[in-house]
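Common to both upcoming complexes is subunit A, partnered first by subunit B, then by subunit C.
Let's look at the complex of A and B:
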């Protein structure tokens, strides 16, 4: 805390798209008076802070540090370790930091295949020598080093200790503002902070609970590809055979996507107590499959019907683990030892 | 590649880093190599991020792609959303959308152009332009602008907010929305939404005109400094409509040489690789696009607002076209070739976007009910648009089970790879060479980078940190002497 009584705020991106910063700017006019509430300590998206400023801070100097983005390379890891040391409270902000987000679907493939797709196997590539970028390149002034691109996308809590998590891709601005107010009140007026490890800025029930679409008892015989069906407006999409992650996803966004005819993508992550969002969704799907079973039916026939219904789901891994792959029980596809050990990141003193 | 190979004592050079480059979208750093006399021997812009979209969207169903690829970039998610949707329209055989679908997509896109341009100009760049490039570091941000110029800051915030509302109403969410789908859109504007947006649109037009005039005044106040700052010549590439008009949603590719001569025009973007190639270098994760006819060394080019405003024949909305003509005529055309001319062109485009929004809101089709079409299924789809930062290319192959098997993405900032470095090199020559390095002087380098509005999140969708070479070296001797002549006095002129 500064002598003026204002907490010191940092916001930094690891491997990210920038949407979390943009959502933070969407708190609107509040951003113009952010200095009335906080002293900025590091926020390179909007103000001219450099890494050397952070290196100069004593440990624990930053009161509240919001980190978005996943851990994708050694530099991401070095930076979040540094910021952890310099911060009293560290928040995993948004889906990438929380659970890997869509880019963590990269964990279904390998580092090598990813490099080849980008540099060798494309119609606009002019690369007759088959050149691939190298981690180290010798040039006359020394070694040009680039961060080690990890084999596996990791969530923030797999690398450093995390105090709170704000879910969402991105977190909705009203939720961000509410969380900031709670933390500021605790830091400046002596209130109590939320218990360590909790999710902030989200609801506590499934997205379905806050979704305005009409729901009935669900009994789905098969699932449809979007071009195979024109959904009835105003009616639950899952009931109509369109995959919607609502039953397995934490509320807090206001169920925005289903209101424009798109099933919930799942970006707020799993429900409390359900460690694995994909597994939870599979359970939900299983419970609504209508294969017209009756007591005494032939077990084998029922099994075939279930399989046929399940086969209408395209790309189950990419669908059920769309946002949560890095933090799921699966984590990544097996590589059978192809992927080498990860070098230790440098530690900044 | 590295001109340091000819430097006399490379081991004696001193390394100065700008890390990270701030007030840009994403990770980047600049490394300068200086000798004992502060002579600049090399400048490198590195972008420090890796993600790998081309690979991990393989195996996903094609209709998921317009939503997934938005995670390339949270600043202009709509651009990727729409470019991918256009590519998938081809997969679905739906190249001619219904009027309601195309107009709602255009509305979403103009909302994106508006919010992104406002964000960039007001939130990220206005502190440099209003306070001076070497002004006090703690004040050089939007909060500082709000304290000194409250009306300008407030208008910037509200312009951006309006653009975000347009996106929310057409896409469902302000960031990473879901409105566009292969073959059309999920949702048209409701009458209530239309009326809400119409109520404020004239205010937005007025403020956008003010913003154009603000940049013009800044040029007038510092004509020499602004025109000279980071100036360089480049070939140019953008989409234009069939009649030569600016069209940010659709058109053919037009390239002009640095002398203004047409290299190709109205080229069908579905075969973009006949015109554009990308070079790969072992020391860089970022690819180097070039015009095939000119080759990898000479074929680099520039995209974005400045290119589009200069490259089109006219802007099809009246206020913006008038501002375009003023801009092109200003100071005998010199501003239109200046790196800081990007800001002026960007504000002209913001005005154009708001005028288009107004026209679309007054069109009953925007509330239409026919939203989807489909046709003969194809295996290959290419979608190209003009995103806020320049030409954006999405290209996919899809198998018979609807899964993506190949993806190629050439994003706006990647096209500007070499151009940004050219600007940085010029600034290093003009302002830093031979001077003691100060924070304010280093900010000059960042000002040049910011002019392009680089989206480093987009640019690093593939893989990473790009130690991009900008040879700025004493190799030839003559250049070094040019440096020392140029250096004196210009710092004061700019700040």
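Let's look at the complex of A and C:
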């Protein structure tokens, strides 16, 4: 802490959409308390800071650093390494930083295919020269350098040591405020900090516990996308054939989505100890799939029926691993060694 | 450094493993590479399962203070118990021993020695990582209920029932038809000795019917089975007979007075008639008739009641108000003896059954021969009077035929020979047997074949192409012509006959898969109930406490059915005498604080061990019912259900070991999160 004695707060985004910042600002009038308690040390979203400001801080200068966003490119990695060094407490804030989230779905394909999808093969793109971003471009003024776009999107904990994790896409404001209160109490009144490595701002069971919809034994003959049916009110969505990740997802959000008719997307991630959220949900789905088979049915027929029912799930990888790809046991699609030629990120000192 | 002291034992299994896997190398590798994973001793040995092999393990446990044991040998199906028991003898909890298969999963499925050796190392490494996380467990002890349920009152079920009841233990015998007896009750003579079927069967039926230890439930079916070995709860539907068994004397006046004649497709195989109130045959056990509601004039049109009117008992034994009864009782073990169905010969249209009048099935022919049958034992054509002058008997109808059943129905050769003999004996007609091979392999069977040859029965080797009434040659008019390639003569033949008998295949009961489902056992691809081991455990099934006997396990004759009935009874009696059963402590359990009550698992348990607590809104597992199958463990998306011996940690540790991520020199480098590729 510096002369005025206030703890320092930083919030930085890596590969992110900005939703986490909005959610943070959504804590409402509590933001005034945050402002009263903390000095902002780095928060590019709301205040004009430069990297060189951070470079000028002594190591460990920042008391609490919230990082949202996944690690997509070399700049993301350089920044989080730098912030790690400058921070006492580093928090993986939101699903991208926690487990890769939407950006990490590109781990299911190659860097090349991702760039093509973004810059070439897309109906909304007008790029007649077929220009792709290059790390180095020679221009009359000299060499232009942009960050290197990695093959694999990583979560924050796969790059630097993380003290706490706040799940959610984005984390719910009331949960953010609850976590901030704990940290503030620890920093200002000598309260104790939670043990390192824990998930903060979340419950301890699955979303279903917070969900008021009525639940029964399940037998689902086929699945629907949300626009295809109008769910019966008050009844568990999964039972009605709408994929709801609630049973495989950590509570804490208040079951907001299922209670307004949209199946849980799974953004709070798996329950502790349930290693792989997508796989967990898949085995659950497989267990409740009911093609009204009878003992003695022809195996091939059954297989065909099961396949037809399973085919009603559009984009299974994107559905079941929407948030957790970076942490999944699948890890990523094969790269056949291309990542060997990746430039090392710069290390700032 | 692992805190455990692990011993690794690699078996040669003679040359079964050693021929394909360098077992010495595997043991050496384990002691060198897995040292800091806790392995303190690793040995290879000719036959680990031998007493000497087991003693080796026991000595190491005692002398080297082993806390875990990994045996790399055959499948756990075979010797898991052996090695667990060895550990137990040496004072180590048996569940701290892990048997990994390098025979079924390595040596028997590979040929490349170097690669197989490497895979064996990986398998051992997986076992070492897994066993480190094993917990000492104690088996669950459950008492065994002394009663036994037997389903099916054919000869196999009758035999089993008598064996158990005679030993002094209660038996519930559930039979779906109005009488016990099964197929054997339909026959006249039985091969090879030609003793009268009824004469040898009915005394046993009477014994069962009057046995103080047998509760006979005919005209009944098992609806539901809950529970587990030692304590099954059985729910039986006792269909309404509309006859009060406590008053009926079995005098038969009701049947006599009943005005309705019904074609009897079951007992008379469609050749004869019965009444709407009937007893399938004179010696039926029990003696009480049943009213067949579908064909009863009173039930269909509201009036008649002739049977009731003439019933001589007071009060009347006929009770039109009777309802189905649902009975529930406890048993410790179950024997299934549901027998077989006959192949439907209409499925082979070229043989003309049901189209050409004088083509008969084997069961119809049995009824023709039977002195109590529709013709009083006279072998005559469908017109009921004409004796045939020539009879053709076709073997393997629906058997040994890839269009129908690939298997041999086992009894048809002998049954066809029996028919040949009976025709000769009773009519003097000319008899032709059309066969592919003659299979008379059991005691006194070939002698019977010789005897039938001497009777002058003709044998034509070849599969019959067609049975037709379209005459082409002189002498064929008005006859059934059997078109066949005589493979011994090497030419096509057309043989005109008066009567054709089709020796139809034995098939699984048409509801066998449903019955298997009710009792939680499995059927083979052909539909027969599967025994636990084809050679060494022929009457047990993979489901503890459920046994099978007789033709429901596969086509077989009466001697084999009786032997299996007795064998199943012996197994059950052995169980009952143990009084208590030690169950594997491998069980699933729910961490209540983790359960959100999503109810995904609620209808998955094949043993009905899962229930939902509506007050606490969470799911519970009854450990006594759980069989540790793991279905719910895999299904729970919250990771709230764990299986003893199959926890996430144990399975992942095994994978970690299998991928050799635990050894520095492993082919794959351990992926630290930081090493995820850029």
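The definition used in the following text is that the second predicted complex is superposed on the first by the 302 of 349 C-alpha atoms of A that agree within 3 Å, B and C clash if a C-alpha of one lies under 4 Å from a C-alpha of the other, contacts with A are read in each partner's own complex, and residues count from 1 in each chain.
Here, a contact is a pair of C-beta atoms (placed from the backbone, for glycine too) under 8 Å apart; a residue touches a chain by one contact, two chains touch by 3 or more.
The shown structure was predicted, so the numbers you read here are calculated from the model rather than taken from an experiment.
**Student:** Is A:23 contacted by the first partner subunit B, the second partner subunit C, both or neither?
**Tutor:** A:23 sits against subunit B, while subunit C stays out of touch.
**Student:** Contact-wise, after the overlay, does A:48 reach subunit B, subunit C, both or neither (first, second, both, neither)?
**Tutor:** In the superposition, A:48 contacts subunit B only.
**Student:** Report for A:218: first if it touches subunit B alone, second if subunit C alone, otherwise both or neither.
**Tutor:** A:218 sits against subunit C, while subunit B stays out of touch.
**Student:** Could you tell me if A:75 is touching subunit B, subunit C, both of them or neither one (first, second, both, neither)?
**Tutor:** first
**Student:** Any idea whether subunit B or subunit C touches more of subunit A?
**Tutor:** Ranking subunit B and subunit C by residues of subunit A touched puts B first.
**Student:** Looking at the overlay, does A:237 come into contact with subunit B only (first), subunit C only (second), both, or neither?
**Tutor:** After superposing on A, A:237 lies clear of both subunit B and subunit C.
**Student:** A:137 contacts which: subunit B (first), subunit C (second), both, neither?
**Tutor:** Once the two structures are laid over each other on A, A:137 reaches subunit B alone.
**Student:** Looking at the overlay, does A:187 come into contact with subunit B only (first), subunit C only (second), both, or neither?
**Tutor:** neither
**Student:** Identify the partner contact of A:91: answer first if only subunit B is touched, second if only subunit C is, both if each is, neither if none is.
**Tutor:** neither
**Student:** Within the complex, which stretch of subunit A touches subunit B?
**Tutor:** Of all residues in subunit A, those touching subunit B are 13, 15-23, 25-26, 28-29, 31-35, 40, 44-52, 72-73, 75, 101-103, 105-106, 108-109, 113-115, 117-119, 121-127, 131-134, 137, 139-141, 144, 146-147, 149, 169-170, 173, 225-227, 230, 253, 256-257, 259-262, 265, 267, 314-315, 318-319, 322.
**Student:** Can you name the residues of subunit C that touch subunit A in the complex?
**Tutor:** Answer in residue numbers: 512-514, 516-517, 523, 527, 593-604, 612, 631, 634-640, 648, 652, 671, 673-674, 676-678.
**Student:** Note which residues of subunit B are touching subunit A in the complex, please.
**Tutor:** 1-2, 4-5, 7, 10-11, 13, 18-23, 25-27, 33, 42, 48-61, 63-64, 67-68, 70-75, 77, 92, 119, 123-124, 137, 140-143, 146, 153-154, 157, 160-161, 164, 171-179, 181-183, 186-187, 272-273, 276-285, 287, 289, 296, 372, 374, 395, 401-403, 406-408, 410, 443, 446, 455, 457, 462-465, 467
**Student:** Using the touch rule from the top, collect the residues of subunit A that touch subunit C in their complex.
**Tutor:** 150-152, 154, 157-159, 204-209, 215-219, 236, 238, 246-248, 251, 270-275, 280-281, 283-284, 286-288, 294-296, 326, 331-332, 335, 339, 342
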